[in-house]
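As written, the chain order gives the labels A, B, C and D, with residue 1 at the start of each chain.
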């Protein structure tokens, strides 16, 4: 009888702790972002610039004009797709750094189809997208199967593939695919039918290069979330990442799950490439993605590889990128400092110990409270406001 | 190093010690415990009673939330293991704390390496290890890599680690859970020697028989609190069990005679070449529906390899395996599972569970792509949750919620998750390895009941265990493995004693080929028509020629 | 970033130039030269200058230009390289009251790519870097043929180290080869190699390695056309005891190490800064030809070589006259230098 | 074909291999130390960059090359400690923290150079000099060997000594012993009273210092000035070498040397009439092939090891 009593108490407490944990996670993430911004503020102050104006640009700049909102959404689309593309292999605990090669492969495929293959209207959009996904998937398959079948280290394989593909891409854009007769280095434009419809056209507000890729990206994220949480394949990928021995024991073909994680990730990165070609540039350009591939990794890890959270992290990070650029343009804070502030924010936001520390304190305050004489009946809810002072004292004593 | 001992006081003691973990779990509640020097003190209690936590407090791995720890007769503040080690406390952890790629000797000296000016003298380390091993009677190979030696040797290496640090108090947290009976014997002999040399030993085990055998006194914990301490001589296993769980409790499971059905598992000429571990050669045996066939053998004689082959985790080199009508010889794990094989692996942490995933997810690994969980290629989270809730209920898994990660469960509950998964599919063949390793008496009894229930529901059960008592209590028939081959076969286990089986395990006696393959179709020296001989022989005369089929 | 806000026309009433750089300053050649020219315009001609650096991340360029053009803090927006022509082509029609200068490339005045207003408010200036390359090749062949390079008399090869193989760089190379041949050299004696990689114009270590390899293959002289990577060439030349030409700006002046300085025979100038300064001058007189592209080269003094004391000391008189003659032929149009465009 | 062979066997090429491999060797060995201590050092690139910048700036302003080198190594060491602190004290993900530090280094060095020298490109206007080369009297007269070995920069020598040093450290010293234990089984190390964090801090400091030497070599050995982002991805190649080398000192040594050799070869072949972008893929394609081949052979050997036993 005591057992059941304790059990139900446990259950209540567990739920309460979980709820509290979520709340703490959320509020602490916001707090760390704030802390990072404060440090950035001090950095600007230290360099003798006007931090208030700089922050105005950083924080409100991206929303000031619809064009900038478009720039933010367009950037977030690519960045989030890249984050998603690594989040999937990360879930299988495969450190794939290959988003860059997959993106370039996707971009090449999309461009080749969209430039050279005459297609009827709707197909003209979809076929290049499919080609890009396929090419990205293929580019993911190489390191994926090298890892799964041969045990070759995926970090090395993906880094090498990046180096190779980027150079081959460079060669193609400068050579065979270069627009004939142009002094500029880029390919021809994609056919008008292949262009991802700009949001401007839909909404009638000038949204720059933002296009239907954005809602498509949202759909992709949801699809990937469903894949991970609601499909057998997603289950296999998760279990493989959590404990491959267990997965194998349970009848999961681990090499195949690993390969799939790379292939799916590759396909998504390929779509990011197609988005750049069909939506953003309308053609192949050298150095297509800038540093986005790496920042995609940051976004995925910040979001703990949860596809839906990747969207939030991607929007956040892109906002920061956009705000940083505006800050550099509108104020006298130089690019270097903008980069430094971004680095500080990245470093601080990833600091997990802060939320955990708070959670631990709450738990301890909780334990102390329930130990009190009135004890049993009141349970956890009464104590959640806690006694920060007491908790602090205890922590200090350790 | 431990000159500051007050020899008059207790070697270790706790005064009003309470420990609350960061997540709010209060593992130890107001414990007062005194252990005088030179005593072997057993600490028993159910899984999660707080035994390990209390020991960690003595070893400085955790700090008490309130109360006081005494070592060497004086109150101490142990900031970490280093300060406990300095005071002469050594601990062998429940989960061994060894560096896999290091040699035995390197592990033994880790932290207090011999050698001058920041260098490690490898030779001196090996010599010191060998000398200590000699003195304590703990046989180890100092130069072997830890990940290549048996669990028993790892256990001994752990003890040597403590001895190397000149421990005066030795904490052994379930050291026998993974040892063979012989290894346990050797360990006990060594522990007694150490005690006679003045060492204080704290010994934790779920095997009350061992507790009775080795300890001077027993302290019983329940739900974090100390229930009492009794003289070993004046108590019984029954009394201890009752103290632990608060009511009467035995391990005797009522078991009707087996009702053997058709042959479910048919193994013929099975051979396997293992790159590491024991190879198997020429195994022939059957397991019928509705019987429990035990596999006895000194650990490392091919049991694990056999289990893994039967589960599809390894490929046999030669021979055939049939489960029901399916030839599973070339199939992968999924194929085996489809053929109706359930498997409780011996190491639940290694491949039995994904520790960071939820209980619910852990319960569906073999059925996540089939109805009712998955339909039209979609895995329904509510179906998975409902499935978990049902099993949590049925198997009395103690957890607040199916979404709790398995890591947060106690050992016994973790094991229940695995058994629940493997039994709930209703397997035709269940391979159960070391199912009660490290679980408390309540859970043990529970597992036994479940196994018998599965048998009675028509499953063929192959029970592999290092615990002979358990094998004899549960098996309808018994096979003995030695050096990767079958050396004994007992078709009736009534009246069979551990001693008799032990002779086969050690290779002193063996059954002849004809006896081993009697009644098996498709093997030499068999009359397919003749029913397998039952009940006709006394277990004491295994070589009875009348029972062997004529060649 | 610049110091000015988005406020309306400058209170000072000075014409305001905004230099938008799709890259960064500090490249010691192209953008630095443009900046220098406009800086001069600021101090001498009474302009107000603001610089915006967009960095090398291409995803930030178009939004950067859009923002730069939308802000009402300039009268003239200057930007360079072929990468910007599309952006300017789009933006110029949207801001018809503003003026745009494009250097080193031209917008498409035909109106096929943007330029819906035929880019009437855009002035483009391109450079005949192939003419500079021609002179470099000509001089290089003369120097080796006449064995005028001390310590390298036995060598008859020369090298060109490009950043990456893109048309602008190729234009230098094509010109160089033509000049080398015109002076009597063989094509096979010209080694051409590119830095490439992650930072083609900013990896001096690799630049040094490539130059060292070229000297090792018997090049008497290596001409780096690779931005900061080229700084590695001067180091390599100094330790190998061989020779170099500078590029874009007078690198004999900018180098600090005397051993390295002395490897520089002359520098082939592609004076973006001068061209922009001249445009600024002309704009004061309303003499800039908007809606058209101007191609400047040797004849306009936008391309040339440094003829200083050091040059005269190292290069024999006869070769100097021959070089001058070659330059005159190009200027007069009697020699047509092939181009990569 | 024979011309390629001539190139490969020439002393100039071999000397170039040593030179090109130097930063890879040092950074990769640094990455190895961190990896074995249980914290991936993705910040190698940033550590190299900061060291390169600091080295050139300090040397240029103090006039002492040694002070520059020390300053550079010190800053990289601090960055190593910072990475450890972010991981250990703030629970940051090592990979994100590493990427963050790389960003920080890129922005920070550019800012420092701009503020101090008013030059956005680098320190080429500052005379900072290079670390001395080591002439080998006696040996430099020997035909090929002399040309290859003599006159290499002192850091190149350090780079080649770093591997035996770290191998010795790992296997012979108490610190290395603890470091490996901490990286492999932190709980086991903690349970015998090893101060796990302290060891990890020390490991990351050493890792940073080695990466710092690599950076210093770039700006004070290879060339004599710092240029913005001059590491040009070398830190990531070094990281690849860490894993390609199977996390063992001599394996990493071979991998890094291989990268050096392949890059030097690509430089030598660069004048051929092949698109330069394609030539520059040679080192990476070779690595990828080597990786696949090595993994395949290991797998096959594993299978073979099993087979004979059954006979």
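Following the convention adopted for this analysis, a contact is a pair of C-beta atoms (placed from the backbone, for glycine too) under 8 Å apart; a residue touches a chain by one contact, two chains touch by 3 or more.
Small disclaimer: the values here were computed from a predicted structure and weren't measured.
Note on chain placement: the centre of subunit A and the centre of subunit B lie 44 Å apart, centres being C-alpha means.
Subunit A and subunit C have CA centres that are 40 Å apart.
We define each chain's centre as the mean of its Cα atoms; on that basis subunit C and subunit D are separated by 35 Å.
Averaged C-alpha coordinates put the centre of subunit B at 77 Å from the centre of subunit C. Shared interface positions of subunit C, defined as residues touching 2 or more other chains, are 24, 53, 164-165, 196. Shown for subunit B are the residues that touch two or more other chains, of which there are none. Within subunit A, contacts with two or more other chains are made by residues 167, 170, 174, 334-335. Taken as a contact graph, the chains fit none of the simple arrangements: neither line, ring, star nor complete graph. A complete list of chain pairs in contact reads A-B, A-C, A-D, B-D, C-D. Taken in their complex, subunit C has these residues touching subunit A: 1-3, 5-6, 24, 52-60, 62-64, 66-68, 70-71, 82-83, 85-86, 105-106, 164-167, 196, 341. Touching subunit D in their complex are the following residues of subunit B: 59, 61, 80-86, 91, 93, 97-102, 106-107, 110-113, 115, 118-120, 161, 271-275, 279, 317-318.
Those residues of subunit D lying in contact with subunit A across their complex are 86, 89-93, 95-97, 99-101, 103-104, 106-108, 110-111, 114-115, 233, 236-237, 239-240, 243-244, 275, 277-278, 280-281, 283-285, 287-288, 291-292, 294-296, 298-299. Contacts from subunit A toward subunit B in the complex involve residues 7, 10-11, 13-15, 17, 229-232, 234-236, 238-239, 242-243, 245-253, 360, 363-364, 366-367, 370-371, 398.
Taken together, the subunit C residues at the contact with subunit D in this complex read 24-28, 32, 53, 159, 164-165, 191-194, 196-199, 202-206, 208-210, 212-214, 216-217, 228, 231-232, 235, 254-257.
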